[in-house]
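Note that the chains take the letters A, B, C and D in the order they are written out, and that residue 1 is the start of every chain.
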Amino acid sequence: MNKVVSNAAEAIKDIQNGQVLMLGGFGLCGIPENCINALVKSGVKDLTCISNNAGVDDFGIGLMLQTKQVKKMIASYVGENAEFERQLLSGELEVELIPQGTLATRCMAAGYGMPAIFTPAGVGTEVAEGKEVRNFKGKDYLLEHAFEADFAIVKAWKGDTHGNLIYKDTARNFNPLMAMAGKITIAEVEELVPAGQLDPNQIHTPGIYVTRIFQGVNYEKRIEQRTLRS
Amino acid sequence: MLDKFGIAKRIAQELQDGYYVNLGIGIPTLVANYVPEGVEVILQSENGLLGIGPFPTEEQVDADLINAGKQTVTTTAGSSFFDSALSFGMIRAGRVDLTVLGAMEVTDRGDIANWKVPGKMVKGMGGAMDLVAAAKNIIVAMQHTDREGNSKLLSACTLPITGLKCVRKVVTNLGVFEITPDGFLCTEYAPGVTIEQIKAATAGRLTISPGVREMSV
Amino acid sequence: MNKVVSNAAEAIKDIQNGQVLMLGGFGLCGIPENCINALVKSGVKDLTCISNNAGVDDFGIGLMLQTKQVKKMIASYVGENAEFERQLLSGELEVELIPQGTLATRCMAAGYGMPAIFTPAGVGTEVAEGKEVRNFKGKDYLLEHAFEADFAIVKAWKGDTHGNLIYKDTARNFNPLMAMAGKITIAEVEELVPAGQLDPNQIHTPGIYVTRIFQGVNYEKRIEQRTLRS
Amino acid sequence: MLDKFGIAKRIAQELQDGYYVNLGIGIPTLVANYVPEGVEVILQSENGLLGIGPFPTEEQVDADLINAGKQTVTTTAGSSFFDSALSFGMIRAGRVDLTVLGAMEVTDRGDIANWKVPGKMVKGMGGAMDLVAAAKNIIVAMQHTDREGNSKLLSACTLPITGLKCVRKVVTNLGVFEITPDGFLCTEYAPGVTIEQIKAATAGRLTISPGVREMSV
């Protein structure tokens, strides 16, 4: 049992050009900051990234867009990101937009060994083009396939040396789903503890799904919309 | 005629005690400010929270606690966090009692378009397609016409569809419209608005309810 | 928001003859003892029960078999239960046996609004008879439909007045899955607290799935195989 | 010839450090007693536990903490609890490295029958069909022949099937047999057992590996 690596650079060192990565987070909340920075430094390119969003120009996956490491982005909402828009319009970047619940459930399907799921999201829309439609009890559903990703890269709040993970609040989002879905799963955590220190009844991601884990550093946790009570 | 706050106030009258409610971005979010006295509703945020509280104070701000609009929020007593698959699972399973959304177009069959404008930068549908395909009770909050004065209540969407036959009711600045087999059924008109105004501003099939009355907001 | 009822009798009072019930638990671990006792007292009959097991002769669902309240049992393993065997052989009781993972996933599908799932369990066996087989990437899967149950009856460790639930250890098992799957969900808990006292980050079943909740009494928690370290 | 402890010991040699392992009831359970020095394995219990520990002391007994055989157990450091869907999800997704099961019959194509005997009371398949359909590495632990001396290594199951083409290896009281396109490949024989004995006791297609050797247990 030897899942602990020393840092992000070591965790991502065998990621190859052209591979498919899942990256956890919703907006900038719960994103694997350390691994993203390490990916930028590594220079690996032609990546397909599956993530709910694409960061902002100077943070999150936006950093990997600046360096043109992303060939294809699979997301539900790509928000405000000028470089993203520029690359999309110039044809440098390929984009596949997927309903958010479908994105989440296709990750879950991979983690549960289910090859495909049925969802009504997108029926009658351009999302349904080329997809199998099936009626159950009078309602139409699309057949959507489980994702296949070479690596899942997630961020948790606490983790232990066996790879068990606990997320904090809404920073959970896609992280546990992607953690289950990667062929190799890399987890970065704010606090890494020895196995036995986390309550087994309160684990969000059992360690069986996690290949590598390390304690991250210098989390910025940037806030997109800092709204305060008036 | 209602302003956006009036639209939100009118929709808030639909809230019942114990309702689980998902409020979209824009006018729908304002609905939370007008929950009737004695009614307790629990707001769902599709990024994984039941029990959205007010915006935080400076001291409470936590980057790990945001709503689906990516705004910092707080929680209420009895809240819970969960992952995105469970979040859309509970929506898909019809556990959310009421969903309030903005829209660019709604048809007299309940179709909705609210995610994409051809020629403009596409940002993505986010959770909109999941919500409209699965929520059991969808109310649209929107202006009755666009900036050029064109009706947004149509017989067919001109914009890319978000979902088919899903909207149950539309509340606009002009009135309240239920989706029925006969199209839009006007049940209430906004203060100061005439039935003629509504007819002129509605492109889809429209029926005026025999019991139509002035909205009380 | 008024989910709290005073006891099991009140919680189950509208269950009708002939309805479909899901009952949580694995073996005798995590079963809704109070509700089972109340169902026995209520005399409601011709029930279809979906539960992983059928209890033992004098405990759990076995009590409802003694009183012949169960018309059909849907389970994965019916274990040692003499009355069960007698009723099965005499034709009084109908039984449908389902692989355990399929049973669990058909509950989950209901809770997630998915009409059906694909699983390889049972391919090539008598479980596959009459079912659709579909091949994904060279492997065969059965199409299995989401359960529909009038009531789900579950047992949790802690719960709050909003219906949020936390289970303990392996008493979790089918409980959270069934809690999500009933048209009406009844939860009995060992400790009921006011909303706000449970950590929102550690809820196993969000209250949105729970219709009624009450604090149970006199839990026996019988052990089937009391194995001790030698 | 091996006794059941010998079979368990031999299977324990298959364990590698960091393996997640599901052990069925009977001989498979005994494998946990022979984990090699320096090897750490994590045992999965399909009722919802990773990290099964030893049986409890009288003081530790907890009705809420049992294994899939409904026996009271404890946990190890780094354990986790989860629901039954996730438990079978991780099995289905191939995350469990090794599954050890008992069987009544195994065929030379890797089919297995271990859940039902016609004419006897049917107790149900429990998790057996899920495990054999989904686990990526299945070893069967069983006696080579039944009580009447009939081979349990067959060319076709006579009993109702649990799963098709899923077993990778069989360890019996007579030897170790890999499932290959040519049928059973005997790679090891138990101490005191001859190849002739193995041939006589095996009904399915059997090949003896050129490198066949005596098992070291």
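The rule we apply is simple: a residue touches a chain if its C-beta (ideal position, glycine included) is under 8 Å from a C-beta of that chain, and two chains touch if they have at least 3 such contacts.
Since the structure is predicted, the reported quantities are computational estimates derived from the model, not experimental observations.
Excluding chain A, the assembly's touch network remains one piece. Contact with both chain C and chain D is made by A.
Between the CA-based centres of chain A and chain D the separation comes to 36 Å, rounded to the whole angstrom.
The mean-CA centres of chain B and chain D are about 55 angstrom from one another, to the nearest whole unit. The distance from the centre of chain A to the centre of chain C, with each centre set as the mean of the Cα atoms, comes to 33 Å. Residues of chain D found to touch two or more other chains are 81-82, 85, 89, 91-92, 134. Among the residues of chain A, those in touch with two or more other chains are 105, 112-114, 119-120, 167-169, 200-201.
Touching chain pairs in this entry, ordered by label, are A-B, A-C, A-D, B-C, C-D. Chain contact summary for the complex, chain C toward chain A: residues 105, 112-120, 136-137, 139, 141, 145, 166-169, 200-202. Contact residues on chain C toward chain D in their complex (touch as defined above): 26-30, 52, 75-79, 85, 88, 95, 97, 99-105, 107-108, 119-127, 157, 167-177, 204, 221-230. Those residues of chain A that touch chain D in the shared complex are 1-3, 110-114, 160-162, 164, 180, 194-196, 200-201, 203, 206-209.
Chain B meets chain C in the complex at residues 17-18, 20, 40, 42, 44, 50-51, 75-82, 85-86, 89-96, 134.
Of all residues in chain B, those touching chain A in their complex are 45-49, 54-58, 61-67, 69-73, 81-85, 87-89, 91-92, 111, 121-130, 133-134, 160-164.
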